[in-house]
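Shared between the two complexes below is chain A, which pairs with chain B and chain C, respectively.
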Partner chain A sequence: MSTEDSLTNPQRSFEAANVTRRNSVLRRLAVAGAVVLACGIAFSAERVWSNLLVGTFYLLTIALGGALFVALTYVSGGGWHVAFRRIPEAMAAVLPVAGVAMLVVLGVRMSRYGWHHDWHGDVGTFWFKELWLTPSFWAVRAVAYVSLWSLLAGWLVARSRKQDRTGDASITGGNVRISALFLAVYAVTFSLASADWMMALEPMWFSTMWGVYNFAGMIQAALAVVIVLGLILRSNGGPLQGVFNDEHLHDLGKLLLGFSCFWMYIWFSQYMLIWYSNIPEETSYFITRTHGPWGPIVVGCIVLNWVIPFFVLLPKPAKRSSGIMMKVAIVVLIGRWVDLYVMVFPSTLGENPVFGIWEAASISCLIGTAGLLLFRSFANAGSVPRHDPFLPESLHYHTC
Partner chain B sequence: MSDVHASLRSPLVTGDKTISDVTRDICAPMDRKPTALWWSAFGLSLTALIVGVAAVWYQIATGIGTWGLNKTVGWAFDITNFVFWVGIGHAGTLISAVLFLFRQKWRTAVNRSAEAMTLFAVMCAGIFPLIHMGRPWLAFWMMPYPNTRGPLWVNFKSPLLWDVFAISTYLAISAVFWYVGLLPDLATIRDRSEPGWRKRITSILCLGWNGSARTWLRYETVYLLLAGLATPLVFSVHTIVSMDFATAVIPGWHTTIFPPYFVAGAIFSGLAMVLTLMIIARKVMQLEDYITMTHIDRMCKLMMSMGCIVGLAYGTEFFMAFYSGNGYEQFVFKNRALGPFAWAYWTMVSCNVLIPQLLWSRKLRSTLPVVFVIVILVNVGMWFERFVIIVTSLHRDFLPSSWASYAPTSIEIATFVGSFGLFFTCFLIFCRIAPVIAIAEIKGAAHLKKRPPAESITEEKAA
Partner chain C sequence: MSDRVLLATFEHEDDLLAATDAVRRSGFKIVDAFTPYAVHGLERAMGLRPSRLTWVCFLCGMIGVLGMLWFEHWSTSIDWKLDVGGKPWNSLPSDVPVAFEAAVLLAGFGSVFALLAVSRLFPGKQPQIINPRVTDDRFLLVIDEADAGFDTAAVRKMLQEFHALAVEEKITLPGGDLQ
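Right after this comes the complex of A and B.
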């Protein structure tokens, strides 16, 4: 046994104990949430389904956001992030599971979508909507989106993991091409998926910004998850201790700040243009959400997703502080849930916001499941892509 | 900044340059007398400018009736040109501010000229709304200040007024950013110049730059802050320009995706213009070692990705028009693709979406003539994009009896030609009086040889 091993061993066992404790907490959260939700089906199936829709879409977009982060950094020739790339890769690797969950949730209650009722008589100018939202076509598309994402993201991650074994630098070049393909496919399919699954909850409403808005929320939450996981995995002798450093944290903080602003920009542009033009078929969405009891929740959503991250992350020291970054990332993740809550609940459950045991259970289930899946996925591969040609850059750079 | 560089990265400066080579190469065009090529380009640009000035003089003296507008199409060529030019400017701000924050060091080869382009393009853009006011000598009425004109006050609810604020802020910040970036290079020119007018002017303009560590520290801080301030401007300006249309209730104009879609389009067109000028400039000014094929390649990729975003936005608009079930919206889009302006629509789609897809091929990205043709087509396509959005949404309005067509008059075309004249005249003068590449920045970003080899020092001494 080398000196180094004997020195790190006590730390390793401490870390192992930590992991066991963490997993058991997450498992309890997941199981407790799932049991309560299962009981909920008997009492309030509608609410349970709405919660499941929010939860699975949350999980799916986190996974997709991870894949997006990996693809974007490959395509833009980034080197800074390589040391912790296994985190977004772990997120991307969850895609198949999250995708299947999404399909199940969508599948069990397709009738929840208003268009599912047969249209009688002349469809007139609605011929395209009628065609596009035909249940079978809609379902085939959903399967196609999830399969395409899982396939391309899985390919990307598998090749990156393969590089650990073979050390072949040409894998990086190949991954740049796969990433470009993924991004092109993602841009089209995610716009459509967000319209199919979220916008179509109110089948008469439409907004061309919808896909961009969903993209903004997705990437913002994905960055927050990267930050949270990075901080957990580097603490207490975790596998990224000494790897995920303050420079990485600083840059992720800048990106979180930037994408919080981007989310706000997109939210405001969509809202302002609809408010300004005041066309009844468009204002319906915002009237439900800004008049009456949903109003304060929408304001809260903006505070969580933009006001807090913006003002807290503006100073440089905040972006390099583990404590502050962890808190802001959690605030953003809560904000993401509220954002999806505001997207889904007024459409499915009406004008009065509800929050009770079913919502709490679904959040508990989401945290538990997401945590277990992500940590397990991370543990499935080496914690650092050690043969990536850009790794030395990532370990030795300084932000300004 | 990175201390370790992966070997996969291509060098930013080729040709085995030393630090002094960089200064010499970049300042060389300013030290030489203008070439015949420069004079002929300048003569051509100046002629175009004079044509434009004459046209503007005529239309102000005669009135806006000299334009081809009618009751139905009340906005056409002027606003198309305005949006076109504002868009051209965006690449400058993106390259200088956003890419700076993203630590994209290759930007150092093109940021100076792209920023100069921004300034000139915004100047060109400003001409059109100014003339459209009809009485441009009353332009100061756009400024909201306490006045003696009674209730005559600007309309804060109008996106056109937001434009005034957005564009003037943009011009101001871009000018300051450009000038601050020039400071160390102005000092370099001062130090290299023989006593005379050039030394005197640059001494004043470089604000007493002394190259001390303290000066550099403050300079870097200011530059970073300005980059942070300029970044929102990349979004805000074209967002507000898009709102000129999107706040209306006209089908084809009112759509929520306009803000980010216009921003992407602006960056797309701006990069096309930067590439157009840089492909010429690197050849004419012998800067191939500084604006390398790697730079061209990266700009092509960036441009293509912007083109894809624009393509997605076209698709989204079309999709949503049909998905919405709104018959008027559907009519506008059918009319765009199949109506009397279908030729303009398909020019736009081919130039902006289809042809740039060729840039997926690395081989084509490294073939300069192909790249040059593509960027010219993108410039054309982006002009047509604005024309299509503006004119096709208006010319067949809700009442078929008021349907009309639109064609620009010779005066409008002459004004547009004049704006190109202004742009290129300014750019050619800029190439003569300022270093087209940021000398100080490129020295910091590129890994140059530390000192010249011993024999070249002896040679220089001998000389």
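Right after this comes the complex of A and C.
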């Protein structure tokens, strides 16, 4: 199929049977997972909630990562990615749903965050933290973060889709400005949100690298999702066949390789500073996670998020191969779940790692829900931003 | 490589790309191509093998990381045991930053010096520019006149199809440098 076909007919549906089969599998995964999780509330509410926190934060950061990818490429004047920009845009468009899910999950458990009723430890020296974690202030902030992200990302995506209809090239310039605003807001709010929602699970522990650590994991997972969706949407006569090509895949591979190293760099920087200074209120986090049964899981997390992507993606042909890129992206996505699992579970459930039916159900629910939301979001707009001034550049893009 | 080469000058990068591709497909040996800037796709048109520089870079990086880890281990816990802040001897985390820096340093320097060596570049080397205009607005393709069977007229005719501005023969100096 030529590029022209997909441009003149962006809604050209790919094998309808394939799509129906895919959607029904995803729906079954989502429903089965959700039903099992609902039953789980009766048996182990704390575990179900921990799973929900990991799952919704996973989904939310993928959506936010899509918006971040779009904003970063607008601001940096990138043209290479325009042919497949509808994928990160589809991810960004899921933000309101993911954000509301996050607020619900946080809301049902708010009264049970450790700091909500009674402080443990010497609160006197942490007067600012006490003020910062006032439940009402904490809740208002959560709503503010989600609203700001949804609003700005939604605005960006809506204008890009509008360009399909009007062909107005000035929309691109306007989106550069909105992207700059989004990036400034994102940098502050996401750092605070990750501290509010994840770091505050252990309120007496703190790390000034927490925000950038969460950013690293987020962008790495978002890139992996772009790769997986791009490969699916270009296979079997999909809407991006002949549009999303090996040049784009190659560059996404370079970014994934780079951000895998960045994640490792940040993970180690946080670990080493705490290990080196050896101050009790800082080491508590890593003592639980590196001593005892969590140790091997942390090692596994590093293997999945850095060792495998680094060595597999180093050679150039690997980054241009659909099969290898798909496998590495899936490894990174599994690694992302393990990373969040290690962040949350030791704080909420203690020193013994648990993995059983509730975790399997939450993963099944996450895959199903994320898949359904992302594919539907992608189908809501033309598969290619046909009037973007950088589209020809992106279609004739060469990298090396 | 014989000592006679054919130089073809082009005005457009597309002509150079198409001519290079056609010449290679016809079985002639391409010595080199000279352009004022990096032309995308030229390495594919010339049929160049993937660069081996990446392996040099990888090996130098591995030597850097493993060599430095071994040196830190030897110097702080074998030759003269150091107690730093009450940490155990041979603490891996404290070795990582320097090992990482050594990997980056050796990979970077290794690649640069390997490239310089392979390209026979050194300080004070006299530049050998076949045609000064390849540094400005001309594209040059150098074809090897491999043997007596090389039909200069036919190649010349083929190159004309790609709007070659000039096609001339040159004799190379011993060592492969162009006169």
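The definition used in the following text is that the second predicted complex is superposed on the first by the 380 of 400 C-alpha atoms of A that agree within 3 Å, B and C clash if a C-alpha of one lies under 4 Å from a C-alpha of the other, contacts with A are read in each partner's own complex, and residues count from 1 in each chain.
Heads up, the rule we're going with is that a contact is a pair of C-beta atoms (placed from the backbone, for glycine too) under 8 Å apart; a residue touches a chain by one contact, two chains touch by 3 or more.
Quantities reported herein were computed from a predicted structural model and do not represent experimental measurements.
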item: Clash or fit (per the criteria above) of chain B with chain C on chain A; value: clash
item: Touched partner set for A:281, first chain B, second chain C, both or neither; value: first
item: Contacts of A:299 with chain B and chain C, given as first, second, both or neither; value: neither
item: Partner contacting more residues of chain A (chain B vs chain C); value: B
item: Touched partner set for A:398, first chain B, second chain C, both or neither; value: both
item: Partner chain in contact with A:16 - chain B first, chain C second, else both or neither; value: neither
item: Partner chain in contact with A:110 - chain B first, chain C second, else both or neither; value: neither
item: Partner chain in contact with A:316 - chain B first, chain C second, else both or neither; value: second
item: Among 7-15, 79-87, 205-213 or 421-429 on chain B, the segment whose C-alpha atoms clash with chain C after superposition; value: 205-213
item: Chain A residues contacted in one complex by chain B, in the other by chain C; value: 272, 276, 398, 400
item: Interfacial residue positions of chain C with respect to chain A in the complex; value: 40-41, 43, 50, 54, 58, 85-87, 93-94, 96-97
item: Contact set on chain A toward chain B in their complex; value: 75-77, 79-80, 124-126, 128-129, 132, 169, 172, 180, 184, 187-188, 191, 195, 204, 206-212, 254, 261, 265-266, 269-270, 272-274, 276-277, 279, 281, 389-390, 392-393, 395-398, 400
item: Complex contacts: residues of chain A adjacent to chain C; value: 268, 271-272, 275-276, 278, 314-316, 398, 400
item: In the complex, chain B residues that touch chain A; value: 1-9, 101-103, 220, 224, 232, 235, 239, 243, 246-249, 254-260, 305, 308-309, 312-313, 315-317, 320, 322-327, 330, 360
